[in-house]
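Chain lettering (A, B and C) follows the sequence in which the chains are written, and residue indices restart at 1 in each chain.
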């Protein structure tokens, strides 16, 4: 028995590996779309490159880039991205693809947003009805997009009453919370489709162009520290903007629904 | 209730089918936590014993401080370790952030006070029992500490298992310093957090049951290792 | 025969929480003999022994040996302290502290474990021995370093007649082999059987000291006379 356990311990520590590897901070919404599971093996195959994903909110992703702890970031918050490049943290910003946000809510749709003519009208209806609304409240790209939509209807989320609940959590947790209290919530389409706990919730509004969600790739400025692999980040950017990536991104579907539109421009 | 049954079912299938990914993250969990446990014990056990044996001016203050550290939220530990290990931080050149080593460091910080505190408690009792004899035999400080550690090893084991339990189930700190990177720093607890986020409660619970199973096996294994034929009867 | 004596105590005072528990004591113990410290419970016998052995802090006065070597005097406590180890390991412990070569340790342990009749349980945990066996083990463990002086604090206080007889035989043999014994007891019968010298202690003070024969036949103080008569001395 003792020998068996000691042998098991020996096996436990006896392993190591390493190919070329780089780190990329991505948003939770990108990760929960499941697209990474298609792209990463293809990248490994084409470039022999291990892309290690740090799945965090856009705010934290940009912080990681700022600290030089990741080689690149892939996020979706245009204003913050531009500020990031302007401050010299990133070398440049390259648009890759977009998906869209959708408004999720209770199947009964108490605020009647499914008949709204635009996203602004939809959120105005929620505010009128004062029905519970779950906000990410975590400074993520989705959170920023949500605030922009409220603003487009001339509303300021800061002044909302207790029906507006900022949970300060990731997309999945926010969806779980919305399911728990039968609230409305803004989600990216991919997270919604992949979400397993749809209890009593339904997709109620989508399609307005203001809900489009642009993803961009930002290599971190390699002068921050010697450990940064800008060469690998550039290699990855070339791949992400290649016809091969376009084919995989445009072809990615969940339950027969297309999620992303490739829109990288050749420079 | 339905979800718990689903969780048990998914745990069962993951285990009986030898799911490769489950094996990988389970082994990583064990490797990280057992390494952290060894390092933490090497610090905490002599420290706890020393505090039981030696009287000095700030002894009570140090003991209170260690007890207070037990209440430190793991997320705070994670954040501190993150800031220290970040490439823009003081230990950035070591390039340890988002590696298993970073997770080990965070866990060592979290469980060392736990082990030291419990070890100190039990060593104090043993010291009260042995005190007169060891003084009479003119032992050195080092000999006293070694004797107490040797003869109190069963109690120390309990302290270590408490530390192990805290470390293997910890998620807040290692999520921050490890980053939950697939195939690199993903362990059972961070995988559970991830699956919960995706709303896949059955898989999350299944992983939770696997975690409990591993903790159970390790407890039994450590007990078996610590008992030689004749010493097991105290 | 030892060259450590005379042992001289001058104006020794011990206080605990400001209460006087011993002294002032002036006492000289000579080279040869088997000294019995007699007195009722709580009279200060234990404190006096511990002071001589050097494990009790004194508040005033001086203790001086002709030649002091702490490794050459050993102590046996009233309730025997046994290590949580086997009988053999208990005996080996004092020698291990001195880094005695293993083959010498083995030989000494073999000698003593047979001598005290515990050969059959040498590999059993010492904590499972009876009270008499534990005390024999404690005495053997004290003697295994071949001390020149052995202090014993009421070694038979908690034992039955059979065990007491065994231990007294062991002590007489030890004394005959040249080890200087200093033993506290409140048992007058035991004092009469063993003593060559008497120190009578009451309320922390020495009331009578000298050769046993004269002290027993011709007590100098009324307190000791009363104690000998079987009065309850207060």
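Criterion: a contact is a pair of C-beta atoms (placed from the backbone, for glycine too) under 8 Å apart; a residue touches a chain by one contact, two chains touch by 3 or more.
Since this is a predicted model, take the numbers as computed values, not measurements.
Peer 1: What is the shape of the graph in which nodes denote protein chains and edges denote touching chain pairs (line, ring, star, complete, other)?
Peer 2: Topology of the interface graph: linear, an open chain of contacts.
Peer 1: Going by CA means, which chain is nearest the middle of everything shown?
Peer 2: Per-chain C-alpha centroids compared to the overall one single out B.
Peer 1: Using mean CA coordinates as chain centres, what's the gap between chain A and chain B in Å?
Peer 2: 33
Peer 1: Take the average of all CA coordinates in chain B, do the same for chain C, and state the distance between these two points in whole angstrom.
Peer 2: One centre to the other, that is 47 Å.
Peer 1: When the C-alpha atoms of chain A and chain C are each averaged to a single point, how far apart are the two points in Å?
Peer 2: 80
Peer 1: Touching chain B in the complex: which residues of chain C?
Peer 2: 53, 55, 70-71, 74-75, 77, 81, 83-86, 93-94, 97, 123-125, 127-128
Peer 1: Quick one: which bits of chain B touch chain A in the complex? Just the residue numbers, please.
Peer 2: Per the touch definition, chain B meets chain A at residues 27, 30-31, 34, 86-89, 92-93, 95, 97-98, 179-184, 194, 196-202, 221, 224-225.
Peer 1: If you look only at chain A, which of its residues touch chain B in the complex?
Peer 2: Those residues of chain A that touch chain B are 1-2, 5-6, 8-9, 12-13, 23, 28, 32, 50, 52-56, 66-69, 170-173, 175-176, 179, 194-198, 224-225, 227-228.
Peer 1: State the interface residues of chain B toward chain C in the complex, per the touch definition above.
Peer 2: 126, 129-130, 132-133, 135-139, 143, 147, 151-152, 230, 233-234
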